[in-house]
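Each of the next two complexes has chain A plus one other chain: chain B in the first, chain C in the second.
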Partner chain A sequence: MVNEKGKMLTLMLFSGPYASQYADHMCRIAKKALDKGYRVEIFLYGDGVHSQLKGQNPKMFFNIGEALTELTAKGAIIKSCQRCSGARGYIEGEFDEKLDRYPSSKAIDAVKIYSLYSFVDMIDRTDHLLTFGSA
Partner chain B sequence: MTIMPIIVQITKPPFGHENTFAGLYVASASLSKGLDVIVILMGDGVYVAEKGQIDPQKNIFLPPTETQLNDIVDLGGRVIVDKNALYERGIEYEKLIAGVEVKEMKEIQNVILDHGDKVVAF
Partner chain C sequence: MSRLCLLIMKPPHTDDDMDRMCGLLNSAKERGWDVVIYLLGDGVYCAKKGQRGHLGNSMMTALGKGAEINANLKDLLARAIPPENVMPGVKVLEDLEGAFIEDVMEKASRVVSW
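For the complex of A and B:
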């Protein structure tokens, strides 16, 4: 069996939560990968940035906001696209060097809003890459 | 060690979805960071390579994908267009922007198999 421990897995989510199961599947795969010893980094892109919204309260579905928070507690790094977040009203100012993210009172603390270049860095560093909800 | 390029696969048309813009931004950002990039246009994504698009910024307030794709070619990115998808849509080769490569699906599959460690699909 191939030992994947310590390898990096990058996941990109392009669709919003609850409209489809992409966010749900991505979170479950990320959790499994962390359990198996992968380093997991996630990039929220396009409508995928809505997964960072604070106060999600789905009655029947898996809570994506809570799942992302749990993933960061397990060691995942989660970033979201600055351009997409700005377009959807999440950004409330210039990049804050101290916070190391764009400021947003609407986004959960687990997700840091960064420029698209941080996704390119993830792709450059990663061993495996999976995309959800984009094609 | 061979450095694998980033493959950006686009299957959606230029202006009906955000996918194309998102994919082209990833390609441009990767090139500007010095990484190798291959953009593969398949299905309705082949419309992205059509030249002579009326300035969408002026008319429908969307980014001009033709300019974005030209920039990618100018920055050294490879752009591959699916030959069969062009044929199905009646798009002639002379309607495509300069610098793109038209390839059969089998050849595209080989590109992905040879270089496809990092495929970002849009």
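For the complex of A and C:
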């Protein structure tokens, strides 16, 4: 079942992975929504952008980087805030029109670093917004 | 009828968010809304029986106002809270995320998460 219901859920993550369970909860809820046929878009903001870090290797916890990659494979669109990513050292140049994202060798391919204005577009499209963690 | 879904992922005594939750619930009930609360992760601590103080009893307050409360079984068990130690009236669900998504996407007018 892939996105057959047409309704959309937007999830915004404020907290980084492995400091709390917010990223885990967000990924599990996103997976459940996709499995039930809803469209899912995710925006990483503040410390939430650390969920895009390439090479995460938690020994005992749910791997958030892998979970985001799996969500993208299931149809989720995942973007992270350009300013938050830049402040945390993820961005390595100007917006790349061809890649349709700000360039980063440190971020997983599943996540596109984008302007915060793209979050406004998500809000415009969505049926419901859920936030995870606090800014 | 309008329906408010509240997703709580934090324990009751960390800050004053349970006060905010009760305020929101009161406003919703005064307007005749249905209110459904989902307790996930550390949020299941809110459902533990025998707590003292108004924050610890926020779920009892919510039940008294007619809210429906659901707690996630695997999160309860992970925190050594067996279902018999959950406040009476709280439903324990094996697939809380699934029930929550169905509710939010098909029934809810508004959803708020903590």
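Note that the second predicted complex is superposed on the first by the 130 of 135 C-alpha atoms of A that agree within 3 Å, B and C clash if a C-alpha of one lies under 4 Å from a C-alpha of the other, contacts with A are read in each partner's own complex, and residues count from 1 in each chain.
The definition used in the following text is that a residue touches a chain if its C-beta (ideal position, glycine included) is under 8 Å from a C-beta of that chain, and two chains touch if they have at least 3 such contacts.
What you are looking at is a predicted structure, and each value in this text was computed from that prediction instead of being measured.
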{"item": "Chain C versus chain B on the shared chain A, clash or fit after superposition", "value": "fit"}
{"item": "Chain B versus chain C as contact partner of A:T131, first or second or both or neither", "value": "both"}
{"item": "First, second, both or neither for A:R28, with chain B first and chain C second", "value": "second"}
{"item": "Following superposition on chain A: angle at chain A, chain B versus chain C, Cα, nearest 10°", "value": "60"}
{"item": "Partner chain in contact with A:Y38 - chain B first, chain C second, else both or neither", "value": "second"}
{"item": "Partner chain in contact with A:K7 - chain B first, chain C second, else both or neither", "value": "second"}
{"item": "Three-chain overlay, closest Cα atoms of chain B and chain C, distance in Å", "value": "5"}
{"item": "Chain B and chain C contact sites that coincide on chain A, given as residue numbers", "value": "129, 131"}
{"item": "Chain A-touching residues of chain C, taken from the complex the two chains share", "value": "7, 9, 40-42, 97-98, 100-102, 104-105, 108, 111, 113"}
{"item": "Chain B contact footprint on chain A (complex, rising order)", "value": "12, 14, 45-47, 83-84, 116-117, 119-121, 123-124, 126, 129, 131, 134-135"}
{"item": "Touching residues (chain side chain A, partner chain C) in the complex", "value": "5, 7, 9, 21-22, 24-25, 28-29, 32-33, 36, 38, 127-132"}
{"item": "Contacting residues of chain B [partner chain A, same complex]", "value": "6, 9, 11-12, 18-19, 22, 25-26, 29-30, 33, 35, 117-122"}
